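Given below, in the form of structure tokens, are the structures.
Common to both upcoming complexes is subunit A, partnered first by subunit B, then by subunit C.
Right after this comes the complex of A and B.
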């Protein structure tokens, strides 16, 4: 492989990683559940692209595997499983009462991304010069953005997507620094998305039946200050 | 018998309960499978103590995936022990709420799968594989937490799942960084043993990052304090036998994964892994001790006590003395057996009174003498009253701390333990011996139903007796094989 091709692949990977970060910002800003899901699918495709490009660049078969598993599990199986486990109505929801308004949320997200850059660069350098690249800082940034989405959202689907975004960030950073880990990373990616979607989907359906909506934020009775609840229910 | 077969037994039980043979079949399969598992695991532990590892552990092809040492054997025995007593307790407990057969089958299938997922953790040698199994424990237990399907149970399960999975995301990155550190240090096999061997060559920055990420990520599932908020909810809303599993052994088996990092971190100069453990442990113990004072729900009381005990174990490891490591291992054992007993007693009280509210229960000893006595015994046992199991282990830890010269940390630990003792006992004392505001009125009118004694199902009584035995015995006498196992386990925490 010529030096020019290598450089091209690295630049393409940087482009994919940059767009990956952009989708995470989009998820922070979007209030429509459907739009969040689409952005998440785009993000997973970019993760697969990054894995494939790095695989080509470093001639690593396992990274092709990571790309393939990502292509199959996240854009196809995750939405399918969501439709299976919870009702279609969840897609059309829009968050009305927001904890933070969109500009504030974006500003905080920006601060998190800049912070992640300063954490990620020394970390990538410590692994070795060949690991320098955008993947580690961007992966950490997206991990933090996912956690941030989780803390400010109240709608079930956006919370679920926040979790999946966190894992995507961890994987984007992981594939660049731990690319020889082998089959287990593929297995982890495959189980992870499915575990999250399956269990959350089942819970969302139960919550919907119980309280008639998927606004998880409304569930807040378990506290020390409130009188203990459950007194009028059957003992179990 | 092969380790793999031992692991597959609960999985087989989970498949067997899917055959629709009726309620007796469900309970029978779960109890028999757990008891058989306990026997096999004890045999394995004895083999480990005697130095005879089963054949495949010596086989090089398996050693990349499976490894059993003293520490793993100890955790395995505890999982099987609490799994068995909780399975027996489930029989009578679940029969009290007339469930649909389908729902009961779901309970037993999930129960066995949950036991399976926990048993696999200490046996695996590959950190990434363990991460996948930790995800599976969340998957298998979430539906048990939300089992009652009430608004509160769903809220608890939701918090449990979201926070556990958030933690898992952070821990995943930690495990990948750990692998990168190993790779940067010249490579080797990515197993616990391989990591310990490769540790001196690994870059300290990466190892510290990995350690902190894993400590925070998995610490969420253990219930360490800044990340503990889900624990009192999940550990109080689940059905009581499940609470015994969650509090008694799930927390410990996740803590086990964190403990595995300590021998690795000791190779790094100035890594301060012990200091992190000590500080985080003390914060957990202190916060839990004060939060205990203001709870309104007696199952939450025991849940906060779990946060306290996880803190004690981590702080004991943080003291950094071999004697304290031994004490921490002893504490893991005494916490598991005692906490499972406490949740059985709490479950019995819930059956007897129908409420979880502390203020609504007064004079339990008159209504149901056995339940009241069990609750007081559980409270005394879990807060470390002599001569019970927790007292002995906490005493060992404090003694080791003083011998080590860590007066401040040991003093704080002792003070928090004492505060927790009074917090728990004040609540339980009022519940069991207290006189309710309208009790005199009731006595003067001689209301018949107030005097009607509550009878606990036989299986519940049996489970409580079985769970109480080790609490009593381990306070005064540690059998030789257990002592050897604890010594081996403590040795696994240092290089």
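Right after this comes the complex of A and C.
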């Protein structure tokens, strides 16, 4: 492989990682559950692309396997499972609940991503010279952004997506640290993710059945006197 | 030396002459997408000709700023043209006078005077539009700054002639994450600064919904012609910075001959045309945002530009 091709592959991998980070920001900021899900699909595709590019660059068959597992499980099976388990009402609703308004949430997310630099660079230095890309720090940044999504969202489906984003971030960092992770481990992680999605989906459905909504932010005011929605209560 | 001055003047002439054509072509393309018949692409020239031959009416309650502002708005894009690569890939005579930041400030000066002039006449609609333009402007400012900082961080310079070589030598650098993300952020900036669709509707004629247009509501005749022409040139200059410095620095004249420089004109126009197609696609597939969603749109641009910077820092 010539030096120019190597550089090209490294740059493309870095580009996939950069766009991966951007989709994580998008998931923090998006209003619709549908758009969040679409961004998550794009993010998983970028993760698969990054794995494939790294596999090509370092000639590693395992990374192709990782790319394939990611390509099948996250962009295809996860949305399918979610659609099976949760009702269509979640996808058609335009506005979903958030603790902070969107610009504030984005600014905090930005601070988190910059903070990931201080965690990620020592880790990346510990990885060693052969796998140095932006994958480790960006993976950690996305991990933090996923955790942030978990804290600010008050809607069950977005919470689930936040969890999956965390997993994606850990994966992106993982594929650059461990070149020859056993295939069994990859498959185990992938099925694990699917099981999580399934259980959460069933849970969301149960919550919806009990309280008639998946806006779990409203659960805080679930008392016998207060109305469930909390927005249209007028003093009487 | 004389040649460099002549080329520099030629650059200004190109921007002067072809800026109305670009905006005419853009509106014509949009009308084609919307299945309208629409005026020809030369309509902006006819409009300018007509306006220059009309009488100008100036409110007697307005101050000198109102009369002075059209000239500032007309001249600032020309100053920026002197600094940036429009036709050549080597610096021309006046290029030493400022870098990209300088160009940004000069363009901002025109916007500042436009705002002052809109407030000056006490027309109720002018200040509404002016304050909205300021809102878009100050939200776009951090994006501009971050874009320039990232550019200077990567290329080690804010001189556009040095920056433009950085992204394409070797060609693999074109796909560097900082480059692609910067391009995305800059497209959003062009949409916001040019008053294009997700931010502002340039074809709208409803005063309460206007952002960019309402600044020129009080102008007539020659003043309006200068304001319009200045706006078209500002848009063209932004496109030139975007295309010749950030995206496609190919096709510029590298030799100091008249032939090479003249040959660069159709190539640059072709690049502008290609980008106009992209712009038409964006404008036709999006709806205008509500006013308070503009903050989120430019917030997204800001996030994109900062992501460009972060990924650049993260690279070993």
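In the analysis below, the second predicted complex is superposed on the first by the 211 of 236 C-alpha atoms of A that agree within 3 Å, B and C clash if a C-alpha of one lies under 4 Å from a C-alpha of the other, contacts with A are read in each partner's own complex, and residues count from 1 in each chain.
Rule of thumb we're sticking to: a contact is a pair of C-beta atoms (placed from the backbone, for glycine too) under 8 Å apart; a residue touches a chain by one contact, two chains touch by 3 or more.
Keep in mind that this is a model prediction, so the values were computed, not measured.
**Student:** Tell me which of subunit B and subunit C touches more residues of subunit A.
**Tutor:** The larger set of subunit A residues in touch belongs to B.
**Student:** Kindly classify A:202 by the partners it touches after superposition: subunit B alone (first), subunit C alone (second), both, or neither?
**Tutor:** first
**Student:** One more residue to check, A:166. First (subunit B), second (subunit C), both or neither?
**Tutor:** Only subunit B is touched by A:166; subunit C is not.
**Student:** Check whether A:210 is in contact with subunit B, with subunit C, with both or with neither, and answer first, second, both or neither.
**Tutor:** First partner only.
**Student:** With the two complexes superposed on chain A, say which partner A:21 touches: subunit B (first), subunit C (second), both, or neither.
**Tutor:** second
**Student:** Taking the superposition on A as described, I'd like to know which of subunit B and subunit C A:55 touches: first, second, both or neither.
**Tutor:** neither
**Student:** One more residue to check, A:193. First (subunit B), second (subunit C), both or neither?
**Tutor:** neither
**Student:** In the overlay, answer first, second, both or neither for which of subunit B and subunit C A:134 touches.
**Tutor:** second
**Student:** Using the superposition on A, tell me which residues of subunit A are in contact with subunit B and, in the other complex, with subunit C.
**Tutor:** None.
**Student:** Give every residue of subunit C touching subunit A within the complex, in rising order.
**Tutor:** For this pair, the touching residues of subunit C are 170-173, 175-178, 180-181, 295-296, 299-300, 303-304, 306-308, 310-311, 313-316.
**Student:** Which of the residues in subunit A end up touching subunit C in this complex?
**Tutor:** 4, 7-8, 11-12, 14-15, 17-19, 21-22, 25-26, 29, 102-103, 106, 109-110, 113-114, 117, 120-121, 124, 132-134, 137-138, 141
**Student:** Okay, in this complex, where on subunit B does subunit A touch?
**Tutor:** Subunit B residues touching subunit A: 96-97, 126, 128-129, 131-132, 135-136, 138-139, 142-143, 146-152, 154-159, 161-162, 165-166, 168-170, 172-173, 176-177, 179-181, 183-184, 190, 203, 205-206, 209, 232-233, 237, 239-240, 291, 294-297, 300, 350-351, 353-360.
**Student:** Would you mind writing out the residues of subunit A in touch with subunit B in their complex?
**Tutor:** Listed in rising order, the residues of subunit A that touch subunit B are 122-123, 126-128, 131, 139-140, 143, 146-147, 150, 159, 163, 166-167, 169-171, 173-174, 177-178, 180-181, 184-185, 187-188, 191-192, 195-196, 198-200, 202-203, 206-207, 210-211, 216, 219-222, 224, 226-231, 233-236.
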